[in-house]
Amino acid sequence: GMLTTAVAITQSANGQAIQKGLNDEDPTKVTGTLPAEVGTRSPFVKSVKKPSDISSRSPLQDFYGFITPSDLHFERHHGGIPLIDPQKHELIIHGLVEKPLKFSLADLKRFPSVSRIAFLECSGNFRTGKETMTPQEIAGLTSQSEWTGVKLSTLFREVGVKPQAKWFLAEGGDSAVMTRSIPVAKGWEDAIIAYGQNGEPVRPEQGFPFRLFLPGWEGNASVKWLRRIELSDEPFMTREETSKYTEAIKDGKIRMFSFDIDARSIITFPSFPQSIEKGWIEIKGLAWSGRGKVVKVEVSTNAGKTWQIADIQEPVLDKAHVRFRYLWKWNGEETEIMSRVTDETGYTQPTFQQLVEARGSEMGGYHLNPITAWQIKKDGRVLLKPENLRS
Amino acid sequence: PLVSIQRDSTLYGFGRAVTQTEIDKIDIDVSPSGRGLPQGKGIATEGKKIFEAKCVACHGIGGTGGLGGALVTTNDPKIKKKEKTIGNYWPYATTIFDYVRRAMPFNQPGSLSNQEVYHLTAYLLHANGIIDEKKTIDAQTLPKIEMPNHKAFVPDDRTGGPIIR
Amino acid sequence: GMLTTAVAITQSANGQAIQKGLNDEDPTKVTGTLPAEVGTRSPFVKSVKKPSDISSRSPLQDFYGFITPSDLHFERHHGGIPLIDPQKHELIIHGLVEKPLKFSLADLKRFPSVSRIAFLECSGNFRTGKETMTPQEIAGLTSQSEWTGVKLSTLFREVGVKPQAKWFLAEGGDSAVMTRSIPVAKGWEDAIIAYGQNGEPVRPEQGFPFRLFLPGWEGNASVKWLRRIELSDEPFMTREETSKYTEAIKDGKIRMFSFDIDARSIITFPSFPQSIEKGWIEIKGLAWSGRGKVVKVEVSTNAGKTWQIADIQEPVLDKAHVRFRYLWKWNGEETEIMSRVTDETGYTQPTFQQLVEARGSEMGGYHLNPITAWQIKKDGRVLLKPENLRS
Amino acid sequence: PLVSIQRDSTLYGFGRAVTQTEIDKIDIDVSPSGRGLPQGKGIATEGKKIFEAKCVACHGIGGTGGLGGALVTTNDPKIKKKEKTIGNYWPYATTIFDYVRRAMPFNQPGSLSNQEVYHLTAYLLHANGIIDEKKTIDAQTLPKIEMPNHKAFVPDDRTGGPIIR
């Protein structure tokens, strides 16, 4: 190349070019770096997921719009991320079918394809307990991508699903050999086998080379690294749908197969640890529902006394995050701000107290979607108003 | 319409026929009916030995807790919030066999023989006070075991709409 | 972490975890890698841009849906990619305004924000000449992102743009100090100062920390690394809008300020160097218009004799790529396949011959949007049908 | 409506006032009217020396071509497709000053003094046969130069709709 550069380009192990400053000269006086095979993130941008041994949370407070960058999509694994050679990986569909079949990635890609922008949320996506919590810590197990793949209904027709089939087992090729039982109706309705995520192949953390994707349903059911689907007349009662992903409700009962994600929203700006100044503030956040479209997001800037309609960024898609925004002029007084969403079924996001009333004080930790309130302090600091988990 | 109907009615013929042998190799699930259970049988006393060799590091002595979580119901009054365990939570006994075979031990998944899994299942059922030390667990007896918490489980009653559930 | 792994995780220079296989065991028998701060791309995925000294082309044939992964967004620079410290970078707006102002990135982010999914295409985005060309080589200088930023109209109101102002100069902070003159009307209409791209900060290659974004207009006008906007009564006649980005048309005339991107489409599957088998084939591609929404994409599988309506993936957005798909049963005979788009103004993508007729045989190399035809050979090979550039 | 009207009518008051001194530091553009041209003047003979020292490596002897492209109109019959150059293409002479000052030399952008840029502008105009070797180029004379191809430029006539243009 003919360009001389005062910034160094290093190639990382995966061939990604990395921009690194050698000096702090005026950038208009230094010829820049060359175009590359793979783009970079600015070295000045520090936005990362928050990993534990079993999950990694998306930095919701850093996001713009409604797409999650694929490498910042939340993670939740039960046996780590497998390394799968797509040439050696197949999907077998069998059980109550006329004609059991196996499909390679190449086979799946030959079928008619479909793309949709939709969120994926882990049903265990709720943390509270102290004032110094970020949106990432409270609700970072939700992310949104454009998913592309083949409709499961297309494959159901190919194998000839029998009328007695009411459930199917979805099984992953990871070390947990993850399994969930899914009603066949969801397979006919809108399930897809996704091999594309935000324009590129599904990332390893999200199920490369392909995964089940169940729009609007709790993340665990969208089994990653899918290797097998077995059609059956009854659910399989796997560990993930009995010991886990079930939740205590009133009267000592435990709810199972609670797939739908209830409508939820969270203000991501302003939030802890940001702080604000007097004057105009654009309150921003994300809202979603697993039961369809968001129809309304309301914001309260007076601790829930009154609520105002927030702006919603179009397009508003089915079972998708929407970005909401609300203009507020802060007068410098202490207050609390919060948001609540209403979906097309007429469901409005409840308070934590309403959830306790509905499910009982022993309620389980899944499918918690309460209104998140932020305290605004006189000096502009923003703190979570934590919920009293066990009173 | 933006999408043609033809897409959802055509048969495409991609993919290849799969033989029963190929299916059997990965069809490892076990249902509450017992479907999928292999030949063999287990007893708690044998399972205890295997557990102490391969499981105790993560699940503690007697399965009462550790990095991998508790598997056995404890009545220890010092433990305020009871951990969900096989004894106090799991609705089906077949799930033990299915899960242990597919996923445990965590650091050597898929390494256990069917025989070992039967013994471990018997051990975990006994340790949780569900079966007798001498009870034999096999494809016939396992599905018949009544789990203490079975009746607590109810289907999802949330429907959307204004009601919070 | 408690997980033992048989795949190695290396941290690249930018903190991205890289998955590397140590063996080829059954992945269900090997505990996988831990969740990380930043996700990975599978080591089995090899999809990269095609760089030259001045540009880098998006691998259109590899994409799913309509979002371009940010690190595969096309590049076109006139002085390389500058390394900009966002703390030291400002936007100054001056000239025919009541109150010249300067804005830091933090200032811009305080204003009301807007997000939109829209394409960006270089007006020089056309290559032809041989049968062995890929969609990336033919038309890889177009990409699509969700852009987030502040409307330029919001800033225009803040500085008080005077009524005499008819044009503004947009100037970049790169080593080309890139400049373009833009009609003020576009600033009031839908221009944004974008700091977000697909949920994260705009990438360095696309203008970090912020860029002008002019929906539907030729890419060069959406000045990256924006540092200055000067309001004026006349255009500035910069090198980029006179020597470059102007095109010869009939009668020795040269068209200038030809901002709008004409409607265009291209089949990306099947395309060179892929090959196909007899039977059902989902023809797939991208279609777009800088003048509004795509209303129709037609596909011909008989060398243009007859045309059929293709399926279009919703949502269909203003000035945005759409993904089109068309089911075709190939009988094994030689033929040519091609697509053409019609936009909401009623404009239908022309053939190369129609462009030559309209603009003359000496027509310039910008704003070429001809129908792309692919030859299907008896053995299933797919080859470009190249245009005769100078006859 | 999904978006409130208030957003587009409020004045927010963010950003800070900028002084004329701050503006002058980066206001380097030059318009066809001559607005933006600094003090100083140039002549081709001086420009030739600078060109040979700082430009010839990329644009060739006499500016007739190289890695950076041709800047000078050539009548060489061997060159089939004429390269677009200042002499045969550029509609405004002020653009030379503006562009060379902001972007050249490519490997040391922003390094030329106004004086050097004036000389180089005169040189490039002369090398393209547009001005006399002795003509002085300054803030008054540069905007008045008629470029040979000026009249060829027309505004975009494409409008959308069925007509291909």
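In order of appearance the chains are A, B, C and D, and numbering begins at 1 in each one.
Convention: a residue touches a chain if its C-beta (ideal position, glycine included) is under 8 Å from a C-beta of that chain, and two chains touch if they have at least 3 such contacts.
Source: prediction; values computed, not measured.
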>> With centres defined as the mean C-alpha position, give me the subunit A-subunit C separation in Å.
In response: 27
> So, what's the distance in Å between the C-alpha centres of subunit C and subunit B?
Replying inline: 50
>> Among all residues of subunit A, which ones touch two or more of the remaining chains?
In response: 2-3, 28-31, 79, 110-112, 175, 177, 280, 313, 327
> What residues in subunit B touch two or more of the other chains?
Replying inline: 7, 10, 12-14, 102, 106, 109-110
> Graph of touching chains, which shape: line, ring, star, complete, other?
Replying inline: other
> Which chains touch, pair by pair?
Replying inline: A-B, A-C, A-D, B-C, C-D
>> Taking the touch rule as given, give the residues of subunit D at its contact with subunit C in the complex, in rising order.
In response: 7-8, 10-18, 22-23, 26-33, 81, 84, 86, 89-92, 94-95, 98-99, 102-103, 106, 109-110, 149, 152-162, 164-165
>> If we count contacts the way the header does, which residues on subunit C are in touch with subunit A in the complex?
In response: 1-3, 5, 7, 10, 12-16, 18-21, 24, 27-45, 47-56, 62-73, 75-77, 79-88, 110-115, 146-148, 173-175, 177, 195-201, 203-206, 208-209, 225, 280-282, 284, 313, 315, 317, 323, 325, 327
>> Considering only the defined contacts, which subunit C positions touch subunit B in the complex?
In response: 2-4, 26, 28-31, 279-280, 309, 311-314, 316, 325, 327
> What residues of subunit A sit close enough to touch subunit B in their complex?
Replying inline: 78-79, 92, 94, 99-103, 107-108, 110-112, 151, 153-155, 157-158, 169, 171, 175-177, 179, 227-228, 230, 232, 234, 236-239, 242-243, 246, 249, 252-260, 262, 291-292, 343, 345-348, 350, 354-355, 357-359, 367, 390
> For subunit B, which residues count as touching subunit C in their complex?
Replying inline: 2-4, 6-7, 10, 12-14, 58, 67, 102, 106-111
